[in-house]
Amino acid sequence: MKNNWATAAFVILLAVVPTVAFSGYHLFQLTMVVVYAVAILGMAILVGFNGQISLGSGAFYAIGAYTTAILMTTFDVPYWATLPVAGIVCAGFGFLIGLPALRLAGHHLALTTFALAVAVPQVLKYKLFEDWTGGVQGLVIDKPDPPFGLPLTSDQWLYLFSLGVAVLMYVLAWNLVRGRIGRAMRAIRDHATAAEAMGINLAMVKTRTFAVSAMYTGIAGSIGAIVVAFVAPDSFSIFLSITLFVGLCAGGAASIPGTIVGAIFIEFVPNFAEQVSKAAPGAIYGVILIAMLFLMPMGAGGFLARLWRQSFGSRGRSAGDARPAALGHDTSVPVDLTGSLARADRMPVGRGEGVKP
Amino acid sequence: MPALLEAKGLHAAYGETKVLHGIDFSVEEGGVTALLGANGAGKTTTLRAICGMVHTDGDIILGGEAIAGMATEDVVRRGVAHVPDGRGTFMELTVEENMRLGAYTRKDREVEADFERMFGYFPRLKERFRQQAGTLSGGEQQMLAITRALLLRPRLLLLDEPSFGLAPLIVKEIFNIMRRIRHEEKVSILLVEQNASLALAFAEDAYLLETGRIVVSGKAADISKDESIRRSYLGY
Amino acid sequence: MEGLIHQIIAGIATGGIYASVSLALVMIYQATHHINFAQGEMATFSTYITLTFINLGMPYWVAFFLAVAVSFCIGVAIERVLIRPMINAPILSAIGVFIGLLLIVNSMSGWLFDYTIKQFPSPFPDESLFGGYVSGHQLGSTGVTLAVLTAVYLFFRHTSLGLAMRAAALNPVSARLVGVRVGWMLALGWGLAAAIGSVAGCMVAPVVFLDPNMMAGILLYAFAGALLGGIDSPLGAVLGGFAVGVIENLGGAYIVGTELKLTMALVIIVVVLTVRPSGLMGRTVQSRV
């Protein structure tokens, strides 16, 4: 109970303080943090909790963004109504991608989704679709005004709107991961063969996870498009996917609170990096990423999650946190990066040789 | 004559699981020592410990030099050839390539001559020289594994369950050839076997391992004659 | 008909580049079961190094071979420092490291050599040969890539060190038991892959011009080629690379138009992995127990 009150208070704080304290660019940055958080949450569901390594989240982000843009510019659909549509469209694409992904794992899946992400800008620029997508120039979107004549600026309203959607998405994700399907997802991640033997329908869970993940990232893309008020193919290059991936790793892959840390990381660190060296923000990005993987296998998010639990106590194990799980411990808790992802993907060396224990 | 290989207070563990609890044994220069015991007793672990493939505590002394804690490649280069359980054949490579790898560390010019000598022991390998090793039968793979080890010109040959998974006739054939090899190659042998009678007939000294501890040691001939030991530990 | 021949020859020429990079990818994959996402960036960086040497006044081929040597050393260093510690890490961490490496190398290229597009010289004559079907550079670069591929083949098949490297990749435990220093074999593999990348970069830069993101698309084609041929098979990877080069050119010219060529690579990848994941020449090893 204490947990819920604390969380609610925290959310209210999140809503009020920035709206009052910041404006203009800073509020925009915070809004983008919210957007990225939802996108990374989508990735966490697929990669962290279900073990399907996808480097193509940028593709779904782009699809969501363009769906919103096209609906708003060509069909005059109100901005808030585009979100569910984008969500459904992306879920559909996610499911479609999830089907061939059933036969792939590990590096091969990463590679295929990597290729998908690289191909997206090309498809968006394709002449055949230019009437819809605006080609290389992209599309400009009108920034929405606050509804009901509320005394807020556009930026303030967008921040609150994004926050509201995000809170809803987070609650849904939390319930999903803690429930039966969440356990099935994690079982598949930890040991697919055993999960199947226990009666879990691999194909169904995996494709649907892909769909849900795509939906999350797509909705994030939608909001992102509205906030930035502009979509263009080159904004959705492979570097977007890589950035989101970095955010995921920074947060600890299988940690819901960690996604927020990851989002903060990818929104602010490049700015910080640019101050250190104007021409090499990517390098510092990469260095920090690698340093994190070496030094903090649980990601900063996992580390903070432990802190949270220690401060507020725990009602048993909480599904949303990443903790180190030694072999033999309860693996229904999502294990950290140094856990069962290794075992599931590692094939025994030596074919046809009777290697005895 | 000092022993070629001596182990004192040897402990070994896989991660948290301790397998060997401070064992002592030795292999005489030019001798054959058998290491017997049931499944899980720690026999394979002992061989792996010598080769630096598991985490160890205690002393392992080879020809007067302490080798405990050395990397596998370095132990091998000091003249220890290990025929692992499961043969360790390079399946995708040819018989020839497997043999060349056996001689990888050698810098002398007698490798070709050694090849011929190996064919003398195992003529079937000559027939299959350019075949992919994975197509060989179990017995032939065992012969190839032994050949690969011998091409190192080792001082000490470690054999891990050479009879495993092979038909009795093949096993007999291999052990007969091993007797020839033992005398002609002047190599000391540490043999791990579940098939105790076979091992005791071949070896001079024997140790019996049970859950990581040595429970019996002595001359192989004496052990094989001792009915109570045979019945309690060796099952025959 | 003329156009078709042009496209096929162009396809073979670019296919040679893809084949080289595919080979580099397969070498690392065979040894470590990891796909080096940073291969393209490393090749670009090597090309910049070559240009630097040329700008310092060195003749082309001196700069070329010196850069290859330097790239070799860089490859070895990366393996020892970055990849070795990750040897037992879960796949997600490993992929993260490769992505991090991609970012770092890409940024280093931009930082040290700036982002303006540069011209890169070709050592081959500019003229059109064989009645206008082949350019001097196309012929030359195909020759170079074939020479590299042959050299690599001979190295692996006929030298003791090459055999040791193959053994280390196939069965590291058994390789140690014959005295092969497996760790150094992996480093050697990375060095070779980096060196091959350097050659590939120098061959492609005169055509597409040099900028930090030069190899991004090429990497994708190389992936497709490696998968098509069989990511476990060096020969398959090479053939796959050539095949993708031809398919890309023909497809781009006659089917999808040049704007969707990268999407074609994606399609090839998806089709191969769905229909025949081991690739056309992927090995099914016969083994009897």
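Read from first to last, the chains carry the letters A, B and C; within each, the first residue is number 1.
Quick note on the criterion: a contact is a pair of C-beta atoms (placed from the backbone, for glycine too) under 8 Å apart; a residue touches a chain by one contact, two chains touch by 3 or more.
None of the values given here were measured: they were computed from a predicted structure.
Distance from each chain's C-alpha mean to the overall C-alpha mean is smallest for C. Averaging C-alpha coordinates per chain and comparing to chain A, the farthest chain turns out to be B.
In terms of their C-alpha centroids, the spacing between chain A and chain C amounts to 32 Å. Averaged C-alpha coordinates give centres for chain A and chain B that are 54 Å from one another. Note on chain placement: the centre of chain B and the centre of chain C lie 42 Å apart, centres being C-alpha means.
Those residues of chain B in touch with two or more other chains are numbered 88-89, 91, 134, 165.
In chain A, the positions touching at least two other chains are 350-354. Shown for chain C are the residues that touch two or more other chains, namely 171, 173, 285, 287-289.
On chain C, the positions that touch chain B within their shared complex are 160, 163-164, 166-167, 170-171, 173-182, 283, 285-289.
Taken in their complex, chain C has these residues touching chain A: 29, 33-35, 37, 82, 85-86, 88-93, 95-97, 99-104, 106-108, 110-111, 114-115, 171-173, 216-217, 220, 223-224, 227, 257, 259-263, 265-266, 269-270, 273-274, 277, 285, 287-289. Residues of chain B touching chain C in their complex: 51, 53, 71-73, 76-77, 81-82, 84, 88-93, 97, 100-102, 104-105, 132, 134-138, 141, 148, 152, 165.
Residue ranges of chain A in contact with chain C, taken from their complex: 47, 53, 55, 100, 103-104, 106-108, 110-112, 114-116, 118-119, 122-123, 125-127, 238, 242, 245-246, 249, 253, 277, 279-287, 289-290, 293-294, 297, 337-342, 345, 349-354.
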